[in-house]
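Both of the next two complexes hold chain A, though its partner changes from chain B to chain C.
== the complex of A and B ==
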């Protein structure tokens, strides 16, 4: 029955929209039904019989073959009622359970009107005949009786959602294995399951003139800063577009700087991650039919946290977080560093290594930049192909790619084996960044660094890093500094960024998102003092 | 619009000309050992070992030792001429060792080393050594030791390093030698290499005065020389000394020790009548590594050995000092102490003439702190 939990407010919104839409359309089939409220009685009277009404409905659906009409004989008075529904979007089992079975178990003297009152919340009496089409499209089954002033509706949606499963790109070793799915109400339910608090507020917004994409904005009313809430809401409501199809559209519409490689909202498919971030004072944006949830505002270091960190012993959590931050620099800088060394500063190579390195790249016919570009692009090619290909062919690609890259290019003398090591390490390092967006940003960022290194050596890398850090320091996410807590520097906030301190040390929320309640009230080891 | 302007501005920078300092590793020839000799006509002959590694499938490259020679009026000129003989650009930034022929060392070594101090890319941490005879003989010496996997530069460098570890020679490189060269109150010493039939041996120490080599110290005296410098405090230096003549079996007359701790106290005194005296005291803690006579558990025996060693080493140390005074090489820096603590005296005297005549003595105290794992 969880599927009926669809928030009423949302439903009403949806219905009014569809109604509006209907009013604006001028389809000839709908004219018979599309009448104002005052004309309704006349309208009903037009239908001489139930058969006429059913014919009209069928016409309005252009005789679509999944529109089914089913006649049932009432056990009470042997009168015939018509069940009408769109076969493709209703659940027949539900139809059986909610309508037919109870109907035949009815006492002889109870009719449908009393049935509505006694039994089923989804069983409703309707009088507005203009809503017939709309209800049918929303997976309702309609019941028409001889009485032409009203009809009954039952909500019998077919379950088209997939099961809740662990998101592939955010798997954890320990911890919850639940992930969001394509249903917004289920997703909200998953969050509410974790935050059983009346302070958790859900706010529905709608964007897209044609697509009417629903967005749910979730926040903790006592923690999230109202300024940020207001800013997020203002940016979303100001979106004017015919269609807003993907979360990416919304991300791009509301983020501070689109001409930046760095993601400014955190996308995740994990309810525990969303819940934890809500508790820090962030805002979550959930979308209709998308398992991705965006969190804003974020800072740079949020992209390097995973729920796994909090299920490890804190020292291990800190260690792996540092590894991830280190891998960020490996991923953007290692090929550049290598290029700078072999084409400018080979003095820095240790004496014992230099002949080895020299012999490795002695016969490479082209400059290291070109060599690196070719290899990096090949890796990106394989990656891209591996995403598109079905898994069965994917393994073939891995073998071909591995063989070609690992062995043949070196044997053929096209690429030095040192370059293979560098490129492979870089590729692995890029994948250790937990967020897919950040990982992509890193992967693109290494190319300018490579060019800079090939032009000016270490100097070029230093200039590249300076420009990158300038940009990071100047970047804002919904009015909060992106590179916090390093710029502006807050030593207290480092406890959950570069390292992860034990839980009992995390007494205050990060201050860069200006939470209303700074103190987390963590007293987890009170027993020690007593 | 602003960004368009900026982009066009920056891209126009690419059209500007200028020199580019890119030097690619695979387009250079690395000098791993360099040798300098004077020819009879006064020209400089520069020898360079440029190992070429040969790539194999297994990855462990074999090294093909190539030695190039070139003659020029100065060290730099000979280097430039050398460059013309080698297919790619010659680069000395990964140089491991500079070898000076004895003749060149006995002239002025700064004339040759000047080129290293001016080039920002030169390897200042390269070791420097003097070769008996010609430097090119040492460089071209055939050495049996895994010739195919290391170049002659690495071979010489490693030989000297192990000699340094054993305290046979003092630790010096191009950089550390430079300030001492210009110091009037101190001199330095370098490893002395001798080319043998199938190897190059670190034969002893070439002692310098100012910029010129003045003599050599060999064998066990070399160890005492390094001990007397007081620099190597924690190295393990091994010595085998004869401590008696009593036994018929020759082997029983000897003891081998390893110096564990060595503390030097160095006093320079000037008497009121300007007589200079210098005294070096070495307090050594040693471990006996070999003593076939055994019975080391007896305190008496140990005392006897300590006494014998103290006597023998003090005598040897004084011999070293005598030798240095004869060669007029102030390797331990008596002059430096004078400059620092007795400056008026220093100003009055001509150190080059005074040094051989000062009262210069040494005493060694040996303390045995261990005798191996046998009780």
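== the complex of A and C ==
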């Protein structure tokens, strides 16, 4: 009892409360005893007394030391009630504010049953004794009375969330700077804030036998295709695993092809992006304690859109989107192209450049493939080191890694100047891909292309590209073609893929995800007609 | 047949175009010139007309037996036993077409890019790429073939660049070779136009009205004929008639002469794009073959036949070594392909019509 401080002024009141309770309880108890006796028969087989019950609970938690039991004397009838909770995941202040203070403040003849009705939404009467463990794990505080037919639960979660901030890897120049956080309810609130529509549906699913990970599936009921909804739900509910920890686990379990480099769901931390995609008919998957939201089904070009595109003038938006798509090809093809030229097809270089290239390559002892591999791997090393290190040391790594190694390696004559230029350009190009997963895919893809170019020159690159594009053509995301609208070709859907047309042109939703409502009401420039 | 494997008219159009344009485009002007001199382009146009008849036959056959591939309806037309024999023969023909595509591809690549690389390696990379590509449904193949079609424009522009330096007079006098030589030249032209016969399998997957299917195939073949004609005519007015005899791949030699400020040796770039077209025509023929093997061996899916088909073709294609061998093989397979692809459907149609008449007669009496 020492743990819970009683408000000083209440101490005096307490005495009077008890006296009053005594009088009233004598009359009411008689009726309740009869009732409880008959009900008790049903439960008797398991728990004779509170103590037994508490022991059982403690056993089921293997005597974990953060499982706390506290005995409180009710001010009304001096009967003892037990509070039980997991110390680590409940907010003690809340417990004090929600239960103990009101209990002692009220000087009427109040018992917990009436308390439930009067005071608090979070205060609930429970009768299902099998749910005890589950409730405790969900940061409920449970109250047991002598009455063994029921108990009470109060939701007292500890607030462990951080504040809403802009996601680091998806920053924008103009537009909302809000990002998702590790709380699912907050994340849903952020989306609801943007889509104030009764058509927005939230559906909760649960996976993981031990982890009980909550997943929320969000969609627009009048736009999203029911077939796709069904498919997403079917795949999630069919997951059978003890632990489903990260969004990555779920992504991997529900995507169409695990043996593909390309991501088949779009993960984002931006509520505005999710809201926009929901309006196109996609499904959003939110996870417990993860700021990442997955969007499905997606196509290849979704990974190259950023919310910034829609805040720029449309021509600039289109230009930068094309730059990003172009950078995709640079990132996978430039080193391969360079290797192919210097090892097979010198003839392609214009004569003015050939001396320059020759002189740069003359004294390099290694074949171009080896040069490229060493440099690419070095860059990957620097990148990986920079992620793990704190920002202050990170910049040192950048200087040592980038400048010192880059400069020294050329001066030492190990790697040619041109190769440094090629590798650096490639590294930058890979980072312009807005989605992290796609950027990683691109970074890995360049290695097979480099090997192909070193063995077969242009021919190798062409065959590599054929295989890659064919793979994209046969890839599906939840049954919708991944490389749409290029394969299958839909000219109307190109308006928001390779380019970004003005807003008033966007009056139909992309057809690859088969939305129920094809037409988007977008008459933003009606004033022109008048 | 699963409804999710169907293809649209537009896709069919590009499938036919991509199957028709292939290895032939580089050496076509040379082979035509060998027979019809500078009137080779006229033979080509005539060949385009001839294949229209085959296309009509193919279309009619597919209309009579909708949603079936040629392997399904041959036994129905000629009876089960003869049908199996004909099916086997047709699959052998398809194998030979795949083999000749690989042989010709290898002969160009080994002449222009890889002089030392073993034949088998060069052939295998193409064959294996195609094997990967055909292990899926007709729809995905059609999507891919349509996706790479814009590359045709690049080819077109490369060739069109030659018009900065042409002499129209080289093409005159028109018709000097005489009708007979022009006609005999068109048989060579026909071989390079082959590929329309893949419609025999792809038509089975196409949805939509039958009449528009015919239109689509005819337009596709018209486009290819015109494109080939354009290429041939361009080389004839670029090189003078004495020169062409000594350049076996006139298109490449023509491009070799161009150089841009940022790009020397345009022919190498052209070759890289050309390889895409070789791949696409091999993809559709291999798919055709795999479908045939599937019916012959009663497999569940043509996927399981694909690797064997590809590897067998590659192994056979790496046999002919010397130039003479290649010429012999291409001549033999060319002639057999001509019979099987363009004449066989016509015969088949005649038999089918004859049988139907007979049945009708039997019913009425």
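In the analysis below, the second predicted complex is superposed on the first by the 370 of 530 C-alpha atoms of A that agree within 3 Å, B and C clash if a C-alpha of one lies under 4 Å from a C-alpha of the other, contacts with A are read in each partner's own complex, and residues count from 1 in each chain.
The rule we apply is simple: a residue touches a chain if its C-beta (ideal position, glycine included) is under 8 Å from a C-beta of that chain, and two chains touch if they have at least 3 such contacts.
Computed from a prediction, not measured in an experiment: that's the story for all the values here.
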item: First (chain B), second (chain C), both or neither touched by A:466; value: second
item: Chain B versus chain C as contact partner of A:431, first or second or both or neither; value: neither
item: Chain B versus chain C as contact partner of A:367, first or second or both or neither; value: first
item: Which superposed partner A:342 touches (first chain B, second chain C, both, neither); value: first
item: Touching partner for A:351 - first (chain B), second (chain C), both, neither; value: both
item: Chain B versus chain C as contact partner of A:458, first or second or both or neither; value: second
item: Chain B versus chain C as contact partner of A:417, first or second or both or neither; value: first
item: Which of chain B and chain C A:319 touches, first, second, both or neither; value: neither
item: Chain B/chain C common contact set on chain A; value: 344, 347, 349, 351, 457
item: Chain A-touching residues of chain B, taken from the complex the two chains share; value: 21-26, 28, 30, 51, 53-55, 59, 61, 63, 93-94, 96, 121, 123, 151, 154, 157
item: Interface residues, chain C side, partner chain A - complex; value: 8, 10-11, 109, 113-114, 122, 125-126, 129, 132-133, 136, 140, 143-144, 146-148, 259-265, 268-269, 271-273, 275-276, 279
item: In the complex with chain C, residue positions of chain A that touch it; value: 344-345, 347-351, 456-463, 466-467, 469-470, 473-474, 481, 483, 486-489
item: Chain B partner contacts - residues on chain A that touch it in the complex; value: 341-344, 346-347, 349, 351, 354-364, 367-368, 417, 457
